[in-house]
């Protein structure tokens, strides 16, 4: 990004075409929920989600809303809240194609894309049924040793990385702090879309305390300001998850009707305090 | 002295960690976290404990991949895994049962297990639920393999399996669980009845050590307090909840 | 590092045994010059230097003092000051063994060690004579394509990484800022020794502005406080190189006698102001 | 209008950059840096310029490897390389001459050239010194290869060679330099005399464009000021130094 004009949430969503591969972080890492809701509102179709390295509410909402064709991830979970109900149901119904992975294989695939190399070797994993079901993964004999089988995972290059952060600047630099998997996803992806709590006038790269945790504008296509933009999941260092809302979601999303109702009205209508 | 079931579990797991340098714990594992914190306390702070997802005890600054890189570097001595299914060869299933990929019952997924199981020297399997549905003859999907052929690069693997009823040790050479101790109030007969896989048991089964006074004081003192900010519900409901029945 | 006691410069140098492989940064990245001088004073022998990814004054001093057996690096240079005189002479004399590399191959080798994998694929480089002279490098056919030659560089796992930073804390956490090649070197190395301008009582990992640029104590064997510890090279964001001293070095090090004199007295003796 | 030789070089190189999105420049390259800053100025700020080693214009936050990763991602359009030796196939030598590894004359080393030369679409070779010692028939050590067999993954390569005397274009298909223009005050005869490799030249050699008034105003205004903090000596001695001889 080099323009100084922040974009709107809808402008960001418009940059995610149907059929795109879309890298998303887990609930604890920084979720651009406003854009996810805009995608659902638009009726996005055939998205290929990539968990960085796992997924939570964002994936469950998109899957439930019928926006998703495939999911590549180490897990889909609502964490403490429990299983992801729409994901679980879609798997049972065969409504989405799942590409089960493991966290380090996703990180390694993104690193391969980051480095512009076709694959990354990875230790571990051998003997897991994951390999059986991932024809794109290869087990070779380590050319630097003998009789040493070694997994190679191909590069993962998402069309788009989408996430939410506490801070960005008017130059398009985005502070991700220690959540460097977001930086990795942005390096690996063709385009990166970011929502942020706050856009500062200061150049984050010029401040030695912020620069080390900053994704340079070079990698960023668009930034939109979205205060409380991760709600109802939390944002590290800023606000906790809205457990009440998430529990409400888990309950409602256990049925098709409840899920539709939640999409319609994610925030519970304010109720009058019970009379005493 | 009376104790709570989870106090026994925390003490039992902690005793498997004493003397290690660096123990890592997944985010949603209160018993392993409690055990690691207890072991650290007993080490006088010499042991490093990394609790993933916890701001204070999470030492990683290089993104999600650092835990995995760190394990491959040999800098993590112990870790914990669970399993919706665990079989007698210590394979674990975190993916699903009754079909794949169209599983009738789907679990979240393999997370980092497929990798860490092979690279962290002492992986302790923890599952509270000890039934034939969890402890099966053969997992339906191998998320992470309990054992590997000799030519596979493997610096780690299963060390023990801790449940609500007992503790198994894993004999890597024989690829088989061995009953190490039975928690007070349980017996071998019951364990056989609720275990779907075959395992070895000594003639006379040992009883899991009851946590001593000093250990309980630590758990009920600094450990419980340290755990409260990450596991408030667990501390209130379990570690401050009902005692075990007296036997 | 978990102790709270800072170590002495000599204690750090004592942890670098003769024959060790020693990863060092270039002059602009953070050089622990005090430890380098202590190693020379001790008469260290047979060190195997690894440039991260290139080397400057540190290497030239160690080479000139006869401490070095091999050098693996993308370059050795004093930058603006000119060529590295002792390095150039040692090459001509065949006094050291050079393993010429290129910056990304060193980064990739360190990343392979960081990931615990035996090698890293790398694009580019094909056709360079570097490959001819590096029997440890392999060119394979990319198993994910056909007729696509691909360079594999083996993991580089230094015994020791040694560098200087602006800030560390009493817990052994070390702030490297945007100089993340230092973090990479520490992840890759078996042991990491650090000198720092200042040791703070505050936990750097607990401050969200410092944590992203902080190498956790987990990787750090020892930290010693060494104010102005990079002199005569500079330290980014803190002080510039002492150009006068470096030019004096370049002049003196052009002869054996001059170099010996410089080692003896790196700082020019204060001269009385000329009488007028 | 009179101009300095380096003003001509800066303007000539800048004209090879116009329209690009991201130009990266090594730390110790004042002419390329000046050219990139000039091109950025003319782009109205739309072009991104990364000057390595310069705090202000260095956008990288992921350590030394980021430049190389960024190039492999296709996010850098142009870069500059030099060479102690450059040959007619655009191979460059930054390592040494008269023997290897025991070179009688040793240069610093290959830096990132071996890699970036293959991955950045428009690599401009810049060497002030134009003699038969630098421009040789065949480099003694290939730090970075000018051309590659067709099966080699290569997204970049040599684009032009700029010297104190002239500008060559590189014809990748024919693996051969083509004289594009001769700087004012020089001629083809002289260039042939000082060039150790064969090259193509048109019947009538063009003259390198003299920087126009607007370009000179930019160089002598904002560009010179921007360069002053990184290249103070260069600005004082060269960009504020003697003018070219009038011809």
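Here the chain labels run A, B, C and D in written order, and each chain numbers its own residues starting at 1.
By our rule, contacts are C-beta pairs under 8 Å (C-beta built on N, C-alpha and C of every residue); 3 or more make two chains touch, one makes a residue touch a chain.
Every value quoted in this text rests on a predicted model; they were computed, and no experiment measured them.
Across the two candidate interfaces, C-D and B-C, the one carrying more C-beta contacts is C-D. Rounded to whole angstrom units, the spacing between the C-alpha centres of chain C and chain D is 29. Work out the mean CA point of chain A and of chain C, and you get 37 Å between them.
Centroid to centroid, with C-alpha atoms defining each point, chain B and chain D lie 60 Å apart. Between chain B and chain C, the centres computed from C-alpha atoms are 41 Å apart. Each of residues 108, 111, 115-117, 122-123, 148, 150, 178, 180, 183, 211-213, 237 in chain C touches at least two other chains. Residues of chain D in contact with at least two other chains: 60-62, 68, 72, 119.
Inter-chain contacts occur between A-B, A-C, A-D, B-C, C-D. Contacts from chain D toward chain A in the complex involve residues 22, 45-46, 48, 50, 56, 59-62, 66, 68-75, 119. Chain contact summary for the complex, chain C toward chain A: residues 108, 111-112, 115-123, 138, 140, 142-145, 148, 150, 152, 154, 176-178, 180, 208-213, 237. Across the complex, chain D is touched by residues 2, 113-117, 183, 187, 205-206, 211-219 of chain A. Partner chain D is touched in their complex by these residues of chain C: 28-29, 52-54, 73-77, 79-80, 83-84, 87-88, 91-94, 97-98, 100-105, 107-108, 111, 122-130, 133, 147-150, 178-184, 236-237.
Taken in their complex, chain B has these residues touching chain A: 27-28, 53, 55, 60-65, 68, 72, 94-96, 100-104, 106-119, 141-145, 147-148, 151-153.
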